[in-house]
Amino acid sequence: MSVSTLGTPSATRLSPAILAGLKRLPEWLVIWVPLLLSAGHVVVFTAWTTWISFTPSTLVPVDGWVGLRNYTSVLGTRNWKIAFDNLLLFGFGFVVLTALVGLLLAILIDQRIRGENVLRSIFLYPMAVSFVVTGTVWSWLLNPGMGVQKLVNDMGWTSFRFDWLVDRDMAIWTIVIAGIWQSSGFAMALFLAGLRSVEADLIKAAQIDGAGPFRMYTRVILPTLWPIVVAVMVILLQFAIRTFDLVRALTGGGPGIATQLPALVIYDFMFQRGHLGRGSAAAVMMLLTLLGVLLPYGAWKYYMRRRAANA
Amino acid sequence: MREQSGFAGPPSVGRAVVYAVVILLAAGYLVPMVVVVLNSLRTAEEIAQTSMIGWPKVWAFQNYTAAWSDFCIAQTCSGIRPYMLNSALVTLPATVFSTLLGAVAGYAISLWRFRGDSWIFALVTLGVFLPEQMRLIPWTIVLRDVGLTNTLSGLVMIHTIQGLSFTTLFCRNYYVAIPQDLMKAARIDGAGFFRIFHRIVMPLSPPILIVTVIWQFTHIWNEFLYGVTFTTGTQQPVTAALIALSASVADVPQYGVQSAAVVVAAVPTLLVYLFGGRYFVRGLTAGAVK
Amino acid sequence: MSRITRRSMLAAAGAAAVVSAPRRASAQAVKPRLTAISQWSAGSDGAAITALGKKFEERGGVWQHSPVPGFTTEMMNKLRAQIMAGDPPACSQLKGPEIAAWSKIAATVNLDATVAAAGYEKVVAPDLARLHKPGGKWAALPLQIYRTNTLFLSKRALDRAKADKLPTTWAEFNALGDKMKAAGIAYPVCNGGTRADDGQKFEACLAGISPTAYRAAIMNLDEKALKGPEMKAAFAQLRKLADWMDPNTAAQSYAVHLPKFVAGDMGMMIQGGWAQGVLINAGFKLDDFIIAPGPTDNGKPVFILNADAFIFWQRKEPDLQAGQKLMAELVMDPAIQTMYSQITGSIPVRTDVDLSGAGWSDGQREAARTLKEAVAVNQVVLSLAHNMAQENGMTAAMIDVLTEYVKNRSITPDQAVTRLAEAVEGAR
Amino acid sequence: MSALVIRDLRKRFGTTDVLKGIDLDIDSGDFTVLVGPSGCGKSTLLNIIAGLETATSGEIEIGGRVVTAVPPKDRDIAMVFQTYALYPSMTVRQNITFGMECRNVPKAQQAEALERVAKLLQIEPLLARKPAQLSGGQRQRVAMGRALVRDPKLFLFDEPLSNLDAKLRVEMRMEIKQLHARIGASIVYVTHDQIEAMTMATRIAVMNQGEVQQFADPDTVYNRPANLFVARFMGAPPMNTIPATLEGEGDRPVVVIGAGEHVVRLPAPPSIGREWLGKSVIVGIRPECIAEPTRLFGSSTAAGLTITAPVEMTEPTGAETIVVLRLGGQKVLGRVAPDIRLANGALATFAVDTRKLCLFDPQTERLIA
């Protein structure tokens, strides 16, 4: 009896604001729990890695403070220098060329050709295959002793050389080739979608203006694809930065250490060499480089939005 | 919006060139698959004694039985079959969870706009750039602390949380194109957060959901590092089984069976692309909500 | 939540400890169980460890082996995750100086009593024994041994070069190489393209030139020895080898070259003893090739040693403890070592195993004999390329230099000596 | 009774004040048009009325109930959007009944309401279609239908006609006006088109820079604009505003425009205060108050007065001819009969309707007489 009299008024005493809040609780949970988990893991993991980069951690994380020693020691290795140079080269080459190839494929497929479905599937399927498989198969194909070069040589053109895989200076481009093969289909799909949503009036207008196919694409259609280009670039950049399995299977970082990339160096230091601290330092430096690219872009976008809002 | 933007030029040299280029490129794209499929039909001995690239002398169809149900990983001789199941048990729930939660999150960020949304979106998006290698040890600690070490549920959790970066990014960018007026109209009609999502946003979403499902499915299916580190024994995903087949220094590489296993293991992702791919471009094209 | 879980786990563990005390008397009755991690999942490695598991089960044990396929690094990731989760396997694959390094991050089992009971210490090469006794106590047991400086010669290449004598010194090796080249053999040296392949060629050169210098420079990282004349000579010899290799080798296994090797298009191969099994499994015949000890310039046999081992992690569970004891006994058992080595092509750790039986090949007999002789003249050294000489961090830093040197002919031996010394300094 | 009361409503985005204290009181049954140039805050105001955005401060009352903190669905309003905002995945029928579905209205009642609205708007044949299969005008009707079916206390229209072509726009304008007359609903209608405002409204609120410049019936807004902004915004072409000085001739104040040869003197409105004598003012004259000399303004000729001014240009529109003349150094528009043609540069005589002169304070820009 006394329990129920205590219970009922307290239930009705809930203020309307709390009631309204309770009603919205499910949606708050659905929005915030995943977002906070996702954003939280990014923040916490990055912070943790940063912390570890200042500790003397080797096989397992330990507390302690060694200042910048891990950083100087990573910066002192040739691996890091090579990896960093390669990231710039590979990042640029892979992103730009994949986008271009993807665009070319999209334009070709967009020419009212027969068998579009089949062709599209052919260009897309490499996305479905794991990087390990891609790397392995391309290491056969690009190997001068058994792949393309051998095939051409055997066909009679004996002076033909395609030995980038074993050429220290060119090996990084074999990773670009395999990467293009794997990712250009995705770029193609996005571009094709973009091409197909260009307003028909725009094309009519350009046709009336007498634009030929080349001018049509370069001056009229492509400029409208700008947002898609940015999306493609971001996705490809993310690929480039995280490229790991592909290199491990294709060149193993070689010839020598000529095709090291930051993701490999990070993994190598952290786990192969048992230097968690140095590996973390490498990871932090890579993320800082990335922020160096992303922050200006973000700031620019923010500025453009502010300008648009104020206009 | 149009179905095609090609220009009906004269049926001339130009078109012939287009066809020639497309067919040449398509053939080039197919080469790696052809090589793998051919190797999957050659015996290990034949490959070892000749070259990695070649036409089968004898068709070794037994590679497929070996890959599917016979070859041994340590004392377990069951082929990749059980590992395929493990991969499915991780990939399917993780794909569904990350896609759904990402869709809701993207919807909330793009259409509801709340305080701090752009910050949290920036952080979530940053997640796509974090190398997996960097996250390995933190995940180890997390799994230990939530008690999911060596469980498939642990992998599902990891892939769901990590996958949210992609799915949220994709969905948010797609949903931004939904006009705000639609949201206003729905709110005046009395629809709440979930009803708008369910009745208005979801029906518009198949294109982007197909994209995220394809993306998540292939990435989780092909993932290796977490798969071997966070599972044990017979719980391992199929990628681990594939690697088990690859050469160690002390062994002749089992290229024949390995290639067969690669082909079999790639079937689910290839199917996803084949069936999803049809809606992929069409979906993206229809993306602009009028 | 996490803290609660961990605390409750601790409590449970404590309770288990209390409960287990009075039961100690009946500990013998418990069924031995072993949880093990290794990277040996398939092929002859997988077959060997599976056979070991069968023996374990025959002795009444429960065998729970989880292979971690892939590189050793992945196996170590798994081990690390298990250790950090407070759940290390009862036993795991680990080798060389890593045994000492890892035994610092988690408690290991003291195997001294079991080893003493088996009288094992007397029959193991001292250098090898030392690696498995971090802090002077046995914590790990070697399982099998490979020689990494085994010389394989192609019969057909020898015939083409009209060679009548196997090379025993580097000078003879070089002469034979020249002869082969002159006979039209494009690549007198057969090599794979992995980092370990390149490192292994270097260690064969240096140890063949001077095992003493190898011990000082590579195993003890002596600064003076690292810049010594033997180092330069070794790099010069390595350059000769590199010039004779097929430049079209990317990061592939040496196994892809075996057809050319057997056909006589490649002449000589310095590999681990395991290459014999690979050749046979690829369908080639024993009379397609000849196995010989690697070149040594001082007339006495040099054995570069690579050994796989198991480390035993401390567990409280009586059944796991019983399993560890059983496993240790099995690993030291000459019959088990015989079974294991006959499957993988290695040689037994015990120097007292008789290899005259039918299950052994001439190559294995020769290697075992050489090991015995090399132990006698103190010319057994530990392999750098196979992570026996240094911890992984140092090994990787050194091999970076070696593999670059092999792949880049513009680096002079002098430069290489300097770079190697710098790399060692940087990784210390 | 008031359908909508807005009290001291303010909205601030960051550092920008979008609404600077809006007060409006709209009677039940009124067709109120919020008109103003883009960026004046009218759409924000409408969104706040709907509850789609929250005000920084201030109060809103709909149908006698304070709704400031009430979510849109509970405000008893309906809204028609510029983009129509039809749910693309639903049929016309579902689009119209979605709101009722959300409020758990019984199916039978939904069908009844749907039928009523479909008949009213003549969209019965379209009910099974999806929005993508409709023409612009049809979409507009469906959007209206979705609003009408609710039978709310207040209708909100956000530039509903601006996506239609000119002919359709005129038709729909009339239809909406008739609809309003028939159902007598209270409507708040946002537009930037002052013709829509003039033709449809019973009350017009002219907005600029986050403030209501004038809130009155269309005639007042047109003839007695509260300030220079309203004067220049309403009407096409807009009211001429010319600097002048006020002089007293006896007890009759006179507006003097220009100086020297082309000086023009017009009688000032008698209501102008004596304190303005000798000061400069701005005089506002609607173009239709400047006509050919034979035009008779109203019934009295007393208002008639002629001036002579140089013609700069003429624009025949068919129904009339717009003349650009120069008055006191300013370009001034006049409207003359359609068949009149004047040579550029020639001096011409015009009749001026002085009854409708407005005078503004050049400093405050407010109407002073």
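Should a chain be cited, it is by its letter among A, B, C and D, assigned in written order, with residues numbered from 1 in that chain.
What we mean here is this: a contact is a pair of C-beta atoms (placed from the backbone, for glycine too) under 8 Å apart; a residue touches a chain by one contact, two chains touch by 3 or more.
This structure is a prediction, so every number in the text was calculated from the model and none was measured.
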Chains contacting each of subunit A and subunit D, listed by label: B
Lowest number of touching-chain links that must be crossed from subunit C to subunit D: 2
Chain closest to the middle, measuring from C-alpha centroids that were averaged per chain: A
Greatest separation from subunit C - chain, by CA centre: D
More contacts between chains, A-B or A-C: A-B
Separation of mean Cα positions, subunit C and subunit B [Å, integer]: 38
Inter-chain centre distance, subunit A versus subunit B - centres from mean C-alpha coordinates, in Å: 14
Length of the line joining the C-alpha centres of subunit B and subunit D, rounded to whole Å: 56
Per-residue overlap in subunit A, given as positions that touch at least 2 other chains: 143, 146, 267, 271
Contacts with 2+ other chains: residues of subunit C: 77, 80, 84, 194, 256
Contacts with 2+ other chains: residues of subunit D: none
Which chain pairs touch, all of them: A-B, A-C, B-C, B-D
Contact set on subunit B toward subunit C in their complex: 44-45, 48-52, 71-75, 136-137, 140-141, 143-147, 149-150, 224-225, 228-230, 232-233, 236, 240-241, 243-254
Of subunit B, residues touching subunit D in the complex: 179, 181-182, 184-192, 195, 199-200, 203-204, 289-290
Residue numbers on subunit C that touch subunit B, as the complex places them: 1-2, 5-6, 39-47, 49-50, 53-54, 63-70, 74, 77-78, 80-82, 84-87, 146, 194, 196, 253, 255-256, 258-259, 272, 274, 277-278, 281-284, 344-345
Residue numbers on subunit B that touch subunit A, as the complex places them: 1-9, 15, 18-19, 21-22, 25-26, 29-33, 35-36, 51-53, 101-102, 104-105, 108-109, 112, 114, 120, 122-124, 126-138, 142, 161-162, 164-165, 168, 173, 192-194, 214, 218, 221-222, 224, 239, 242-243, 246, 262, 266, 269-270, 272-274, 277-278, 280-281, 283-285, 287-288
Interfacial residue positions of subunit A with respect to subunit B in the complex: 24, 26-27, 30-31, 34-39, 41-46, 48-49, 52, 61, 105, 108-113, 117, 119-134, 136-138, 140-141, 143, 146-147, 150-151, 181, 185, 189-190, 192-193, 195-200, 203, 207, 213, 216, 221, 231, 237-238, 241-242, 244-245, 262-263, 266-267, 270-271, 276, 279-280, 283, 286-287, 290, 294, 298
